[in-house]
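Here is the structure we will look at, set down as structure tokens.
Chain naming follows the written order as A, B, C, D, E, F and G, and within any one chain the residues start at number 1.
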Amino acid sequence: MNHWLTAAPILVPLTTAALCMLAWNYPVVQRVLSLAGSVTLVVLAGILAATTLNDGIQVVQMGAWAAPFGITLVADPLSALMIVIASIMGLCCAVYALGDIDPVRERGGFHPIFQVLMVGVCGAFITGDLFNLYVWFEVMLISSFVLLSLGGTKVQIDAAVKYVAINLVATACLLLAVALLYGITGTLNMADLSQRLPQVANQGLVSAIAVLFIIAFGMKAALFPFFFWLPAAYHTPAVAVQAIFAGLLTKVGVYSLLRVFTLIFIGDTGWTHSILLWMAGITMIVGALGSLATRDLTRAWSWQVVAHIGSMVMGLAIATPLALAATAFYLVHDIVVKTNLFLSAGLVRRLSGGEDTAFARLGGLFKAAPWLCVLLFIPLASLAGFPPLSGFWGKLLLVKAGLETQHYAMVAALLVSGLLTIWLVGRVWAEMVWKAPVQPPAALLASMARGRAYALMLPLVLLSLITFGIGVNPDRLLSVAAQVGASLHDTSAYVEAVLGGKAEPVPTLVGELQHQAGDRP
Amino acid sequence: MLEAYQALIGILAVAGAAFCAIAAIGLARMPDAITRMHASSKAGTLGCGLILVALALYFPSVDVAARVVAAILFLLLTTPVSAHMIGRAIYASGEKLWSGTGRDELRGTKDDPGERLNG
Amino acid sequence: MTPFLETCLAIALGLLVLSLALATFRVLKGPAQGDRIVAIDLFGVLAVALIALFALWMGQVVFLDAAIALALVAFFGTVAYARFVEHKAARQRKEDGDA
Amino acid sequence: MSLAVGGMVAGAIYLFLSRQFLRILFGVILLSNAVNVAILTVGRLTQGQPPLIARNAEIMAQGVSNPLPQALILTAIVIGFGLLSFALALGWRAYQEMGTLDTSAMRVAEPEDRP
Amino acid sequence: MILTAILVIILAAAVAPTLHRVLPALSHWLLALVPLSAACWFATLVPGVAAGVPVLETTRWAPSLGIALSFRLDGLSLLFALLICGIGAFITLYSGGYLRGHPRQGRFHLFILAFMAAMLGLVTADDLISLFVFWELTSITSFMLIGFNHEDARSRRSAIQALLVTGGGGMALLAALVLMGMASGHCTLSAIAASGVDLRAHALYPAMLVLLLLAAFTKSAQVPFHFWLPNAMDAPTPVSAYLHSATMVKAGVYLLARLNPTLGGTEPWFWALTIAGGVTALWGSAMALRSTDLKKILAYTTLMALGVLVLLIGVGSDGALKAFAGFLLAHSLYKGALFMGAGSVDHGSGTREVGDLGGLWRKMPVTGLFIALAALSMAGLPPFFGFVAKEIVYDSAFSNERYLVLAVLLLANSAMVAAAATLFLKPFLGAPTRAAAHAHEGGLALLAGPAALAGLSLLFGLWTALPQGLLAATADAVRGAPLGLELHLWHGVTPALGLSALTLALGAVLFLALAPVKSLLAGVQKVTRIDHDRAWDCLLNLVEVLARGVTGWLQNGILTRYLTLTFAGMLALLGSTLLLRGGMSWPGMTLSVGDGLGLALAVLMLAGTLGALRAGSRMAAILSLSVNGLSVALFFLLYGAPDVGITQLMVETLTAIILVLVLARLPFLPAGADRPLPAKLLHAALAIGLGACVTAIMLSILGQPLPLDLSQFFGDTSWLEAHGRNVVNVILVDFRGFDTLGEITVIAAAGLGVFALMKARKGQGNRP
Amino acid sequence: MMDSLILRTGVRILLPLMLLFSIFILWRGHHEPGGGFVGGLICAVGFALHALAFGIDAMRRVLKADPRTILGAGLLLGILSGFITVPTGEPYMTAQWVGGLGTPVLFDIGVYLVVVGGVLAMVCALMEEGGA
Amino acid sequence: MNLLALNILLALAWMAVNADFSLTGFTAGFILAHLILWLARPLFPKERYFRRTWGGAAYAIWLVKEIFVSAWAVAKGVLGIGPPIRPAIIAVPLEAKTDLEITLFACSITLTPGTLTLDISPDRKVLYMHAMFAADPDQLRDDTKAAMESRILKVLR
């Protein structure tokens, strides 16, 4: 039964999407399907994660064709963790959408496309095949195109133009990278790749292809200098879409970097991981600066998405078990917080009655909606890394990992970026919560239908509770993250699970080489 | 016998290619778009057809022959239609005909596609 | 395959490649839209011929299907282009009329 | 063939760097073609022998083309087509909404005066 | 129990808003009981701790990181805990009176109690990370408190300023603590101290020290991080009284004292602390003398006191540490009372300007009395505890022969005397003013705090044995070894007494010559031109300008810029890798006749590319691309990929149809017209560079062998196991059918997407 | 819509031929070049041509079903064909063959339908709204 | 058209009898059945099936010949060895009425030497053709009508 469970993260949203497409003329049916599908996904993802963490890596061969011939789905601790968190975000955004989405967008196919996005995200998280990963990236990409432009307002179209143009480059780059890698190894299975790459004679060529992967996934992850599509676009679509984008899309890029640069490309870490380190450092600073340069809430959050990508990639670049665990922890934290921030920004926009979230329009929330402020305070403080919320633990782990490996400059960059974020959070609080509003906030929630208001508030409550829960009781997630970190650092279990007894897995330890390499920033 | 048969195939192929080449040369040399189309639509179709026939002869089975016939029929059906479409489009777009063109019994009549397709 | 046939095929291939080059030249050069469309139409037909010839050369009859498919769809492209030109012309006239 | 791919990539990138969205789309087409050619090429080229199993055979003959890259390209072509058609429709809508396809004049989402 | 105390206070904080709504008149009394009982509980621990037995407590938290909520109460912690809870109780009460009728009183109590809990945790934490957690919590809660009057833009600014300064310190502290943990291998302060690891000898000691000082100095507002404190006085008076005199600002001092045994005693430590402390003390004195606002005066004297405390830790002699303990307590008591008193004056008369106040004695005698008592203690007059403390301070400096320190202390204390006089004499005994006309006494809630604190100042002065045990334990804790502190009101005739007299005299002179002193100081300030507040603004502006500059350059809203940077990044990464990591190689070249055909197709592809590049019309571009696409299709066919070739043909045609459907109305710019020459060159360079990279990689790949076992497997099983003779198709629908599933999902989404893009438009209604 | 008698007559003859050809291609795709994509594309191209010649409404009438329905049905068929393994307990998409008919063929039909539906949805939307 | 169906049916029967379900089998069956039906044509007195098929075949052969001629003429024109080209656009009044007749006529014109159908008037009364060698346009018009339209009508009516 376990192989059905392992495939469920793709099949559930996919079936939901197909059913929603068939019911294209019946929005109510779509709503029910979307909700049911999202809940099912959360439940199954939870079971999958529990199974993986307790019983070890789950592997299923699609079509029963053995690896590396068929397509392998692998739920290792990282994948399982990501899928659980992604499914929860999916549910939150789906529920929020029930209250927020307008009829035009709904009839334009919001529900099926949203599910397709989840298919892409979950598929990317769980596949063990590089080309299959490309396919799920494309699924994610096309659905993100559609969701971004759904509604077709002028701003959206403008943003979509930039988003689409840059992402098409990214996607071609990824395809090229996969193809070239196939061209030297003759395989696409990631575990198999990790076995075959060391045998390639021309290791310099492997490094070049690895860099191509850095570029391709870096573009997806919005690393410097490939992030431009993100601040250009994320503030424009429907709120639920913004939130799911902010929560998941870039993280899939980070996940992929994490997967590929711990499992496959570990031969030239002195070079590849130094590049990642530099990119991460600059991303942190530039992202934080960007968030300070804007005077718009949602756009500031977009920049913060960028900034924190840098933090996660920093962990990958350092690549000790602790650093990898830090990245895993940070991923979970950041997904929850960013989703929450964008959802709440949507609510704030509603309350301010405006079309956008420019600081000039905001204010007076403390008076108008104190409970909302309490809810907002949690993700904000967590974003700033204030203890004892989730962001603090992520930062602590990263600082620790960085200092242990003498990456002082990176830790400094991380802390400076954190300080800039604190500034931003203080400013946002002052502008959004404290400042007297230009016009008093509307009592929209009260005037809404009860169900709609619940749909808007419930996700916020849930997400804030998660952040708070991780913060005050971090140990569960910390130990999971440690498990993830260990499994990424030593991938022999992964390889063995996928290839079975056929191959003799050599323990592949990422990061070992790096400490001999001198060229670190 | 086989030699002669293969020679026939070879000659057909070369002839076909030659007609194709003539079509291409016509395309390069003719004075205006419509006259170029004369070259391409006739010589090209014929050349292509000859090569297809050569193919059919090379694989002597009804299966292949039927498909070759189908292909040629497709060609014969589509070439004039597209020639008509292109010709009309060229005419409608008001492109200047070659200065050597004689009478034009279409321009300015109620049937002039340039006027008719307006709006 | 006799040497004569082989030579013939080589010559034929050469001629076709030359033709394709000429057609490409016309596509690039124009000068009118019509010229380009005529050229691409011929390019399609030449490609059909090339595929057929290639099938012959390689002794692989499966390429014939590609030739059929191309013969079919090249036509669609042409229709679409023609339609484009007509619409543009119509629009041009309309704008001129408005002006 | 590598040179052709390189040339197409270069051409595509030059088109991408244009201000005209249409040119960017043309770049997309070109880039997608380039990558597809690259896939087949790095899968090693074998002339004229499609990977089919003959009627009288049970396994694929030696010396035929590598089937796997072909399958990958098929997937990539179709996906590329999906993306491209969406991008094209987007271009149309962009022109409709903003009256221009000059991307440097598209400043709605990131207006100059409002950072 | 310590954790329980903290949690109970947090609980009280959580219920405060509700409680206030339910019992508006009583809530502050009830809430004040919570810290008061905590204080009482702490008081019961005094004998044990004074006897040298610290209280230890540990709760599991994050065992996987070795982090626990461990607490440790020694003298230092207990003294702080008592101050926090004790003064906290009165502040809670006081703020209830001060904010009577204020709509957000409940929220105020929430924040102040939350702050109290955080502060309590900070001073009792033993675990390094727990310490940091509480440290940061004090920053957040104080942010909320400073910005309590949040409609006022100045309040908001001050709150952010305090948040940033202390937040920056927090970052440094985090790094410092992690370093300490790493260097020592222990997670708790007591374990580090007990382990015998000498951090002072560690290679990272300078880093730890700098980071730690950064944290402590920002929190305790030492020069040059002092500027936020006076601004923070925009907060309501209870906040100033509590945070900015008694507790939060002392957190930095606490940290220094706490780490004195582990990190202190070195040269850098001495110089950093004495210089920062001394300058802060002097600067605070000067500013206090210049100020005319009651709260400002108090704020600056607080700075001065903080400077003195830091200075004493820096000096680090036994005497200095004893003096530190005494002065810490004395200052907390009188400053708390004075702040509350000043707040009452403000509350009663509506102004805090010394110039506007006068003759309050008759209107507010009780307040006046307590202010007088506290001011006397501040001035260091016997029999107040301030005097006792000052005596040991002087004593320590004198016995150490640190005369420069002594001079600083003398000046600071004289200024304190003058300030004390300013605070009391003019407002209460001066000629009545208009503002004083309708001044009135506050209620019991407003008076209880000053009364208790001023009373204790007097009591401890008279009965020095009462605080002696605790203070001795405090000094021991700061030293990390027993010191044997003894307190006496009367030491006999000592140099210290003489200095006290001198201080009084000097203070009197300063007070009497206040006007000339002020102008003198103003002149000095003009000459030195140090306006830290403006400097801060400049710094922030600089960051903002940097932020805008960087962002404006990178994210300028123009797609071409984005793509240029993206491609430039790609070229830089790929190019450098290819050049620096080797890997470029040439495959062996063999050309057959068939390859001639391939070559011809390659040329056609390139011709199509070129055509697309220089096309001057849409049609030309599309048709050039068509040439390219058809050549690619032919290429696929040539190399034995009929499925791919046919698909490419179909897609080519469909693309043409869709292009035509879309393009008919779009404008087109002729080639080359859309970019200036430099851009053209740059773009061409990027394009050619990347094209060259791709070519180089592909050529190198072709020089490698390619294992074909996957394809071999597909070929072997396609018919026998998967029942298909077209291996490509079998791969598509069976071996790798999952890819295809994803792919049809893409097509489905694209179809729906185009449909939605064209039809679902907001503001135009929905046309299904 | 293109107002041309010749084109219309041509299309009238070509459309059925193309549909036939597309199904032919789909059917034999498992053994010879072709399959769901190519077949679907040919079918879609045929209908697109019809729309070009006769207008979108005429095409919709010939097509009968809404493209989106075709698309959804195809996707669902594609997904469900993989679920047939549920009783056997084998992983998703494990092929099941009954004589010459197997789930991969079913899957290919799903692909065909999705391609037809997806492409026609695009074409319909572009033609109707594009006005071109 | 009933005979076509019958013809196909018989071809299928042939395939069934021979158990040969290939295209070859069908073709053989079709031709065989056609011959049988032709022999039995007195059974179907008013049927035009045979005239159509045989006439159509004859026309096709003629057309193929014309294409060769046409291509040759074009080749000469292209290579500059034939008569100088003298293009013109000529209106040809139509006698053909049905869609099929008109289309077939138009296609034939395009496939034959030196002429090309440009357009058909919306009222379907006039066909406009472009001719390459139209020294005498009126003569060409008459030739075209005589050579082709009449043949087509003969076959189809």
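Just so it is clear, a residue touches a chain if its C-beta (ideal position, glycine included) is under 8 Å from a C-beta of that chain, and two chains touch if they have at least 3 such contacts.
Remember, it's a predicted structure, so these values are computed and weren't measured experimentally.
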Shared interface partners, meaning chains that touch chain C and chain D: E, F
For chain C and chain F, chains touching each: B, D, E
Label of the chain whose CA centroid is most distant from the centroid of chain G: E
Pair sharing more residue contacts (C-beta pairs) when A-F is set against B-G: B-G
Chain closest to the assembly centre - both centres taken as Cα means: A
Geometric centre distance via CA averages, chain E-chain A, whole Å: 26
CA centroid of chain C to CA centroid of chain E, Å: 68
Distance from chain F to chain B - Cα centre to Cα centre, in angstrom: 30
Where chain G touches two or more other chains, by residue: 106-107, 117, 119, 122
Overlap residues in chain E, where contacts from two or more other chains coincide: 548, 551-552, 555, 557, 559, 563, 567, 603, 610, 622, 638, 640, 642-643, 646-647, 650-651, 653-654, 657-665, 694, 698, 701-702, 706, 708, 710-711, 714, 725-726, 728, 732, 734-741, 743, 745-755, 757-759
Per-residue overlap in chain D, given as positions that touch at least 2 other chains: 16, 24, 38, 41-43, 47-50, 52, 68, 72, 74-75, 78-79, 82-83, 85-86, 89-93, 103, 106-107, 109-110, 115
Chain pairs in mutual contact under the definition given at the outset: A-D, A-E, A-F, B-C, B-F, B-G, C-D, C-E, C-F, D-E, D-F, E-F, F-G
In the complex, chain C residues that touch chain F: 62, 65-66, 68-69, 72-73, 76, 79-80, 82-83, 86-87
Parts of chain F lying in touch with chain D, wherever the complex brings them together: 31-33, 37, 115, 118, 122, 125-126, 130
For the chain B and chain C complex, residues of the former touching the latter: 2-3, 6-7, 9-11, 13-14, 16-18, 20-21, 23-25, 27-28, 32-34, 36-37, 40-41, 44-45, 47-48, 51-52, 54-55, 58-59, 64, 67-68, 70-71, 74-75, 78-79, 81-82, 85-86, 88-90, 92-95, 113-114, 117-119
In the complex with chain E, residue positions of chain A that touch it: 14, 17-18, 21, 24-25, 62-63, 65, 68-71, 102-105, 107-109, 112-113, 116, 119-120, 123, 131-132, 135-136, 138-139, 142-143, 145-146, 149-153, 161-162, 165-166, 169, 173, 176, 180, 183-188, 196, 200-209, 211-212, 214-215, 219, 224-226, 228-229, 231-232, 268, 271, 275, 286, 289-290, 292-294, 303, 366, 370, 381, 384, 386-388, 392-393, 395-397, 399-400, 403-404, 408, 411, 415-416, 418-420, 422-423, 426-427, 429-430, 433-436, 474-475, 478-479, 482
Chain D - residues contacting chain F, complex: 50, 52, 74, 78, 82, 85, 89, 92
